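One chain, chain A, appears in both complexes that follow, with chain B as partner in the first and chain C in the second.
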Partner chain A sequence: MKIYFLPKDKVKLLVESVLDEFQVFGAKAKEMKFEFGKIDTAAELRLDYNTTILPPVKTFFPNDEKILEFKPNGQTTSVHENSKKVLFGVHPCDIHAIEMMDNIFSTPPEDKHYLERRKDSIIIGINCNTPCSDKILCYDKGTYKADSGFDLMFWDNGESYLVEVVTSLGNFLASKFSYFFNFFTEYSGDFHEFKSEYHKRQDFVFEKKLTRKISELPEAMRQSYESELWHEVGAKCLSCGSCNIVCPTCYCFDVKDVVDIDLAGGHRCRNWDSCQNLDFACVGSGENFREKSSQRNRHRVFKKEVYLPQNKGYSGCVGCGRCNTACIAGISLIDIYNNVFSEEV
Partner chain B sequence: MKPKLAMFSFTSCEGCQLQILNLEDELLSILNAVEIVNFREAIDEKAQDYDIAFVEGSITTPEEIEEVKDIRSKAKLVVAIGACACLGGVNAMKNFFPLDFVRNEVYKEKASCFPTLPVQRVGDVIKVDYEMHGCPITKKEFLHVTKSLLLGIPLKQIHYSICTECKTAGNVCLFDKGETCIGAITRGGCDAICPTFGDGCEGCRGFVDEPNFEGMIQVLADRGLTKPEIKNKFTYFNGLDVIETINDKIEEFVK
Partner chain C sequence: MEADFIKMETGYVPVEAKITKITQPTEYEKVFTLDFPHKEHLKFLPCQFVMVSIFGFGEAPISICSSPDDEEFQLCVRKVGSLTNKMHSLKVGDFIGIRGPYGNGFPVEVLEGKDLLFTAGGLGLAPLRSLIRYVLQNREKFGDFTLLYGARSPHDRLFADEISEWETSEFVDFHETVDIGEENWMGNVGLITSLFPMIGIDPEKTIGVIVGPPIMYQFVVREMLKKEITDKNIFMSLERRMRCGLGKCGHCQMNGVYVCQEGPVFNYVDVQAIQEAI
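Up next, the complex of A and B:
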């Protein structure tokens, strides 16, 4: 592990240099919010953003992604995109989400489309000095900080950043821009002490939203299966699917074939799907396994907090708060979790 | 022999036909696969023999009932296109007034020459094989439906909402800007074109199956919309769907 010292007024030069060599993705202003997208100029990139409408992980899992081409003679070609990308300025919650999606998409059968896009990408994280909103659960979940899942991590140090280089890809970036690294001077202070002081400052401004520990959630959730709570949530829910689309760990997709106008060849693409849509659990014979909104809402939360912990050993929610923000009906995971805790006997 | 396509227009602005005519880059390719025999916006000829009929407009006169039944008897497949044909659309506002009042208001002293009926969807009068929603329809969906029909691929109605498409487009939600929208319960398929350009969804593609009206009314009331404003949102394009129930629901949920 190497630690560098980067004055903030040099960041723009760093971004410009990286832009010369790589496709850069990061946060940029969109009206009064931020979006995570392709950066064309260094001035566009914002490191002082709160959160982005869509999460960074969608860079590796774009909507309407062409995955296969078919020709009139029956020949098919799997389509992969592989370009070296730098994701510049990813918050810890989103780093956790990318780690989770890496695991999901690399579990056999491997998803080559995601993995190819992900393979050579470099992730530059940036820690959060303050909470991005009151709708987040990252402090309860411990996802307000990340120990892995990034190649470099920026730590705010007032007029400068401390840059933590942890992986070979991170080192690769450093050597690629050796001329650039003249801007860096090795940080001589005790980095562990710096980190611990940084987290202490976070402890003052981040707050826990849940009445009990997150580790108790899966069991409490299991006991809520027949709860009236799901009917209350179902009555409010408009089944619009927003919560799923903005979620950094929702990976469900629908696949469709698009035929060319000559009615011969064409391509297959996949689109983000939502388990809140009425027909999500509808099968070929016409049966719908989750025809009620209450069932679909319960499934969404159970998938995150019961099934994934059970099958994978981790929660499917990183507490980023995007779903809580996107829901115009005011459904919030924070309320749901606390209700589940208060109901449990 | 190439399948014969025919376009028919009833009470509407004919904007959906215009969308088809606007497919400038694809029209020649379409003509490789089909023969278009009836298309008032584009050609003078009128044929009586066709395989697939695209019908736009709502049904509002006794004469139109006979005409649309005639089309059904001749066509192998009938596709209703656009909000007027599929929902009654804006025209359905007529049904909120007494028929005689509407007729006299429009035709004045000639009113007796123009028999009129309450607005009906095409599907209320004849069997429809598929409904292509929107005001107007999208060029993308017209191509998808035409290709699918020609290849014999079963068509599946879109079940996701405008919100799904709007979030996918990465838009700032109109509710975050202090505006309102009924995209949450409106059927998708337009790539959320109105919210993408800053205008709230008015529901021209009809409601999703099993829409949560109560929840949507509550959301709009919480944002300060009055009862008449909420009613207008629901009845702009979807009057026929909610005419019977909307007043009661609004009374129940808006304090």
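Up next, the complex of A and C:
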């Protein structure tokens, strides 16, 4: 592991050089908010953003993704995208989400479409000095910091960043731009101490939102299966699906065919889908296995806090708060979790 | 039987299969016989399914209705929507895309040496036919074999020719009923549960298997339990919406279980732990 100093006023230069060789994805301003997308100029990239409307992980799992191509000659081929990408400035919660999605899509049968996009990508993380909103659960979840899942990590150090290089890909990038990194000097202080000071400052400004420990959530949630709570949530929910679409750990999809105008060829693509849609679990005979909004809302939350912990050993929510912000009906996971905690005896 | 079905490394890419025969047992169902470029594409277990694909019309999961020991590979398709309507318009010689087989299939070894009680409702006879034919083809491995079938009306009966054979066969005790009778229908009229009083089984030795529309399971399970078949000796194949067959798209999930991966065949003991199952 190497630690470099990077004066903040030199970041732009670094981004410019990276842009010369890689596709760069990062946060950029969009009206009053930020979006995560392809960066064309160094000036566009923002490292001081709060949160992005759509999460970074969607770079590897885009909506409307072409998966098959049908050629006019009748041939069908699998479509893969594997350009070298740098995701520049990913927050810890979103790093956790990428790690989770890596696991989901590499669980057999592997999903080559995600894995190819992901394969050569370099993740540059950036730690959060302050909470990005009051809708987040990252402090409860422990996802406000990340120990893995990134190649480089930026730590705010006042006038400079400390850049932590942890993986061989991170090393590759640092050596590729060695004239940069060596130009700025290596950090000579005690990095462990720096980190613990940094986290101590976070402890002052981040707050817990839940009334109980997150480790108690799966069991409390399990107990709530028949709770009245789901009917209350279901009655408010408009089944718009926004909560799923903005979520960095939602990966359900639908598959659709698109026929070219000449009708000769076309492609099959997958679209983000939402388990809140009425017909999500509807079969050909007309039977709908989650007909009620209360059932669908419970499924969304249970998938994250009961089924994934049970099947995979991790929660399917990194606490980024995007769903809570996106919901026009005012439904919030913070309220749901606290209700579940208060109900359990 | 070993589960030596092929692993599809190709993700979403289908294999081209040629339609070599089409029969139409009812107004809404057709049976397609398919020919594959390679023989290993024909390896599967009873109650497994494939994703059928026609470019421009999407994909749908369809059970294999022939037996692994059959020469022919067959699918029985009810027209309900985009893909299945298009399929019904195809002719012999046309090609369709197939990927799979998917799902766990039926654990045929648990049936060996046992008496069998199969119950099929409606289109459920299609996936079950694979297992029925397999049992009849390997008859010496199994004990008494009772088969119950319920269709909506005499018009909706599938595989009528085979039913005639089963009716007179000494190898299977076959009973059928229709929900709604017709003038020329001489057989039973009533729900499939009405067939249970007619049969005698040895609950110690019997394995029950149920495939049918969602509404049927609770009622048939109750009848089987009344006959004192134990929970662990009841198996069922469940249907869910499926978009990928690869354990990713989420549509087939019942609680934490992906039907396309862990199913579609489930033991009743496991089913009872899954609230959304039946």
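Simple rule for what comes next: the second predicted complex is superposed on the first by the 341 of 345 C-alpha atoms of A that agree within 3 Å, B and C clash if a C-alpha of one lies under 4 Å from a C-alpha of the other, contacts with A are read in each partner's own complex, and residues count from 1 in each chain.
Rule of thumb we're sticking to: a contact is a pair of C-beta atoms (placed from the backbone, for glycine too) under 8 Å apart; a residue touches a chain by one contact, two chains touch by 3 or more.
These figures come from a predicted structure and were not determined experimentally.
Contacts of A:225 after superposition: chain C is touched, whereas chain B is not reached. By the document's definition of touching, of the two partners only chain B reaches A:272; chain C does not. In the superposition on chain A, contact of A:107 is made with chain C only, not with chain B. In the superposition on chain A, contact of A:259 is made with both chain B and chain C. In the superposed pair of complexes, A:86 makes contact with neither chain B nor chain C. In the superposition on chain A, A:63 contacts chain B only, with no contact to chain C. In the superposition on chain A, A:237 makes contact with chain B only, while chain C stays out of contact range.
When the two complexes are overlaid on their common chain A, residue A:152 makes contact with neither chain B nor chain C.
Residue contacts after overlaying the shared chain place A:31 against chain B, while chain C stays out of touching range.
Once the two structures are superposed, chain B and chain C can be ranked by residues of chain A touched, with C on top. Annotation: chain A residues 259, 273 touch chain B in one complex and chain C in the other. Only residues 26, 29-30, 32-33, 143-144, 147-148, 150-151, 153, 159-164, 166-168, 170-173, 175-177, 183-185, 208-212, 214-216, 218-219, 222 of chain B touch chain A when the two sit together in their complex. Residues of chain A touching chain C in their complex: 67-68, 70, 74, 76-78, 104-105, 107, 109, 111-113, 225, 251-257, 259, 266, 268, 270, 273, 275, 280-285, 287, 289-290, 299, 302-303, 306-308, 310-311.
The part of chain A that touches chain B in the complex is made up of residues 30-33, 35, 37, 53-54, 63, 235-242, 245-246, 258-259, 261-263, 271-274, 277-279, 293, 326, 328-330. Within the complex, the chain C residues that touch chain A are 7-8, 10-14, 55-60, 78, 80-81, 84, 95, 97, 213-215, 239-241, 243-244, 246-251, 253-256, 275-276.
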